[in-house]
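In the two complexes that follow, chain A is the common piece, with chain B as its partner first and chain C second.
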Partner chain A sequence: MIMHTPIMMTTLISLTLPIFATLTNPCKKRSYPDYVKTTVMYAFITSLPSTTLFILSNQETTIWSWHWMTTQTLDLTLSFKLDYFSMMFIPIALFVTWSIMEFSLWYMNSDPNINQFFKYLLIFLTAMLTLVTANNLFQFFIGWEGVGIMSFLLISWWHARTDANTAAIQAILYNRIGDIGLILAMTWFLLHYNSWDLQQMLALNSNSSSLPLVGLLLAAAGKSAQFGLHPWLPSAMEGPTPVSALLHSSTMVIAGVFLLIRFHPLMETNTTIQNLTLCLGATTTLFTAICALTQNDIKKIVAFSTSSQLGLMMVTIGINQPYLAFLHICTHAFFKAMLFMCSGSIIHNLNNEQDIRKMGGLLKTMPLTSTSMIIGNLALTGMPFLTGFYSKDLIIEATNTSYTNAWALFITLIATSLTSAYSTRTILLTLTGPPRFPALTYINENNPALLNPIKRLTMGSMITGFLITSNIPPTSPPLPMMPFYLKLSALCATALGFLTALDLTLMTNKLKMKNPSQVFKFSNMLGYFPTTIHRTIPYQSLLMSQNLALLLLDSTWLEKSMPKTISQAHITTSMTVTTQKGMIKLYSLSFLIPLTLALFLMM
Partner chain B sequence: MTLTYMNIMLAFTISLLGMLTYRSHLVASLLCLEGMMMSLFIMATLIASNTHFPLVNIMSIILLVFAACETAVGLALLISISNTYGLDYVHNLNLLQC
Partner chain C sequence: MNPLAQPIIYTTMITGTLITTLSSHWFLAWVGLEMNMLAFIPILMKKTNPRSTEAAIKYFLMQSTASMVLMMAIISNNLLSGCWTTTSYINQPPSLMMMTALAMKLGMAPFHFWVPEVTQGTPLTSGLLLLTWQKLAPISIMYQIHPSINIHILLTLSTLSTAMGSWGGLNQTQLRKILGYSSITHMGWMMMTLVYNPMTTIFYLTIYIILTTTMFLTLNLSSSTTTLMLSRTWNKSTHLAPLMAPILMSLGGLPPLTGFLPKWIIIQELTMNNSFLIPSIMTIMTLLNLYFYMRLIYTTSLTLFPTSNNTKMTWQLENTKPMPLIPPLIITSTLLLPISPLLLTFH
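On to the complex of A and B.
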């Protein structure tokens, strides 16, 4: 008998135990964060045999379904779908969350509300797993909103800081715009297919209309920070580094891409939507890669890197390769979470310094962090046979041999070279060179709570790609043969970006910095997108309403339209036509002229 | 035109000149204004005496009354200027608020 379903049920239920532990009041012999961390670790360990059994048994999917309630036309069930996507994602999510929780034992050590922090992380994980295992759109929506709310609570963790509150509200607003699309799709499916079950929706592809898929694309754009709805992701770096590592790199932001992957049978036949997804993803990846080139905050660079990789996943969906996109989700989680944890280690050790212009010389003082950072960046750029290579190189090969929009594919290649360019810049400025931080900074990375998760994720970044690709069932047909230069194009683009960045940095680090050019300002100000959308539009509305309410009646109609206009017109005209200069004393001396005339005439 | 009237009119002209071309003190202009009034008064009285028409004397008395009122107003202005600016230099006269 195949045992993977009860084992998985153990995994998922055991995750909810620490949440209920906070509601009762058990004896607190050991610390709560430690308890949560070990719970997640045991959940990961129990999910591994489950996934292995699932793959080896060659099943398609298992569905747990409990009937919940019936409205007049709709049956709502609590149904969990354990298919290839969920079973592969759950161990990876649990592994990354375990490492991040161990990391945040070190990072948030001095925080008085650390228990609440771990509870929030756990609730987030539960919502994410609900989203991933959902079989109907209602449960999916519950998970979707759950991760949105936990993102809000965790971004504004340091809620006394104005920027954190602004960033949290921004995240909620942009996600809400995406939710409109999701609700549109749900309504369309309810009206036309009379069900929210994935099986029924994917089987009944009767009236192929683009409207629900446009709604799903909008939802994915909102949650996965595609171009147009992207500013919330760099602003979300106001939250603590474990939050950035968990939510905004590995798990929450891929929910939009995951939604599109779940609906791939509907998207296979609709080429309009595929083109839209492709162009949106390509624009996103190029734009965010350009923005990442000139940022000075290390967390924002990694955030833009995440956004660029999300655009790459969208591109993959756009060329009708959902399984490759899912593979990229799985591999991307490892090295991105590790990059965030290395950034957190650097930030904490340099006494909360986040500006890369004030770091440097950390290769010798923080060897493990810098090693992991370099390995993570290499995996990100697609170094052959590290993790990123197995997904990213396959994606680039697939784009090069597909029969779609050549412009989108071209800018994806440019974004690949820009990826290695900003990764090189980050490494060169943070790790090499003379130290640019104050001299009496106490740098110490000897805490096992910091080192063990980084070591685990480093090993993951190196071998997971190979492990996953050699053990998954074959999903889409392997790519046909392609010319030699196309096969090497990703590698060449990456090498080009690396060499250019290296050359520029080594050549210019002793020159005087000249005034920034227009392109630099475009890149540094994030394309002026937040400036115009966030500030200009509300400012113009407020200015117009102030003028209408206050100035229009009192000042304009009562004062300026009649009296002041008349006086101003007179003054202007008289000043224009006059030839006098106002020398009154001289002019009044003209009285003398008739007087002297009178005197002389009377003589 | 007899010499007397020309003399009076010369006095009037010189006072007028003095009033219109004052340089630094406002009180100089006021004094010349008084001079003008005085010469006009003398001329009115002389005309009344030379033409043997005593009823014209009223012109000189009314002229004197109005000259006195005008002197009073002019002195009041001078005193107020002197109160606000300390002196009656005309360069002082400005409406600056600071």
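On to the complex of A and C.
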């Protein structure tokens, strides 16, 4: 009997145990964070045989559902869909979370509320897994909102800091705009298909309306920080680094892309939506790559890098390759989480310094961190046969050979070269060169709680790509033959970006800095997007409401439109009539003219 | 005025009006008008200050111009129809000229500019005669030519008079000017139904004369010519102060006072002839009239303007001014509405 389903459900349920432990009053022999971390580790270990069994038994999907409640027309079930996507994602998510929790043991060591922190991380993980295994949109929405709320709570972890609070609200607002799309889609599906079950929706693809798909696209844009709804992601770096590593690089932000992947049979047939997705993704990836070039905060650079990769995933969905997008999700989680953890290690060791202009010379003083960072960046840019290569290169090949919007594909290539450019800049400024931090900084990376996760994820960044691609079932038709230069295009673009960035940095880092040019300012100010939109929209709304409530209603309709106008008219007329000059000539004239006029008119 | 000249002048004035009303030949009608005008000029100049002189000259010029145009109309009517009788039908061009000339004599808009100034320049009793007696002769002529009057011109003149009278009176504090503008407004009302039912015109004229006479004589009693002087009525003749209120409200046309009756008749007459917009406009414009009467009531009856402690209580002293007919006039001008069927049968 195939046991993968009960084993996986055991995994999922065991994750909720530490949460319930906080509701009772346990006597803690060990520390609670350690307990949580160990739970997640065991969950990961139990999920591995489950996934292996699933893949080797060549099954399609297993659905485990309980009937929850019935409204008049709708049956709500708790149903867990364990198919290729969720089974692949769960071990990866658990592995990354385990590593991040161990890292947090070191990073948040001095925080008095560390128990609460771990509880929040665990609740987040539960919500994320609910989202991933959801078979109907209701459960999906529960997970969706859950990750949104946990993101809010975790970004504003240091809530005494105003920037953290504004960033958390910003995240909620932008996600809410995306939620409008999701609710639109849910309503449309409920009205037209009378069900929220994925099986029914995907099978009934009879209606060729774009409305639900537009809703889903909006939801994905909100959650996955696509262009137009993107500013919350760099602002979310106000949260602690483990939060950035878990939520805003590996798991939460891919929820939007995951939604589109789940609905890919509906999107296959609708070319408008595919076009929209492609263009949106291409715009995002290029724009955020441009913004990442001139940022000075190391976490923001990695955040923009995440945003750029999310755009790339959108592009992949736009060219109708959902399985490649999913592959990129899985591989991206490893090296991005690791990049965040290395950043966290650097930040903590340099006494909370986040500006890369004040780092440098860390190659010798923090060897493990800097090695992992370089490996992570190489994986990100798609160095052959590291993890990122297996997904990213396949994506670039697919884009080069697909018969769609050439402009979108072109700017994706440009974004690829910019990826390696900013990665190079990061490495050169943080790790090489003379140290630019204060001299008596106590740098030390001897804690195993710091080192083990980084080591694990480094191994992951190196071999996971190979492992995954050689063990998964074939999921899409193999790519057709392409010319040699097309095959090498990704590599050439990357190498071009790397060499250009290297050359420019080494040439100019001894020069005096001039006044920044317009292009620099565009890139540094994030394209002026936050500065304009965040003020303009609330200001216009408030101005309109003030005008409507005060000017339009009180002042105009109730006062000026009738009473004041009438009284003013009469007063003016009265003054006109009574100002007489008293000249007889005028009076005679006033007699003559009407008389002649009347005579002529009446005759 | 010289007591020897006074009876001659007054007699001439009365005779002129009588000649005009009783004649059937156009020339005699015109003669009557001229006699009336010429005899009236010295009455205007009872007080010999430059303002009275100016008022008299303005009156003379306006009225003589109107008389000349009237003469031209009479002659051209004879040219066209060969008729000298006032009761026969008049052709359109002469009728138009006649009507404008008579409107000028009456002081209707747009020929109304002389009315406030002349009224202001003369003493109160001359003003009374100006606004009441001088209307009789032209209206009698208009009554006789009413079948041939062009309705459009007449309605235009009437509506314009109402409007001008109302707007003009808003900006005034001199009582004689206020009464002048009120006369313009009432002329407008009067001429509305001349074509439909001239009896209503005469009825309105009657009530109007009663009201205006009451008003002028009351003002003459306290010899107040500005609003400020009017506000001292409580001191001069205390019983008269609250009586100003119903007189003025009647003049403004408030039911259940007399002044409402002629307006009611006119509106009824107009609506019987299917015109609804014009009476509505006129009524609404006359509200402004009522407003400035109310302002006078406010200063007279409703508030007491501050005076110093040692003001003389003038009402305790005996009044030597002659007060002819004020009580019956007040009663007539406020309480006539219940017997309106009796009044209407006379017309």
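One rule holds in what follows: the second predicted complex is superposed on the first by the 535 of 603 C-alpha atoms of A that agree within 3 Å, B and C clash if a C-alpha of one lies under 4 Å from a C-alpha of the other, contacts with A are read in each partner's own complex, and residues count from 1 in each chain.
In the analysis below, a residue touches a chain if its C-beta (ideal position, glycine included) is under 8 Å from a C-beta of that chain, and two chains touch if they have at least 3 such contacts.
Predicted model only: the values in this text are computed from it and were never measured.
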| item | value |
| --- | --- |
| Partner chain(s) touched by A:558 [first = chain B, second = chain C, both, neither] | neither |
| Touched partner set for A:602, first chain B, second chain C, both or neither | both |
| Partner chain(s) touched by A:575 [first = chain B, second = chain C, both, neither] | second |
| Of chain C and chain B, partner touching more chain A residues | C |
| First, second, both or neither for A:589, with chain B first and chain C second | first |
| Shared chain A contacts, counted only where both chain B and chain C touch the same residue | 588, 591, 595, 598-599, 602-603 |
| Chain A contact footprint on chain C (complex, rising order) | 58, 61-62, 65-66, 69, 92-93, 96-97, 100, 104, 110-111, 113-114, 116-117, 150, 153, 164, 167-168, 170-172, 288 |
| Contact footprint of chain C on chain A as seen in their complex | 570-571, 573-578, 580, 582, 584, 586-588, 590-591, 594-595, 598-599, 602-603 |
| Chain B-touching residues of chain A, taken from the complex the two chains share | 585, 588-589, 591-592, 595-596, 598-599, 602-603 |
| Complex contact set, residues of chain B against chain A | 1, 6, 9-10, 12-13, 16-17, 20-21 |
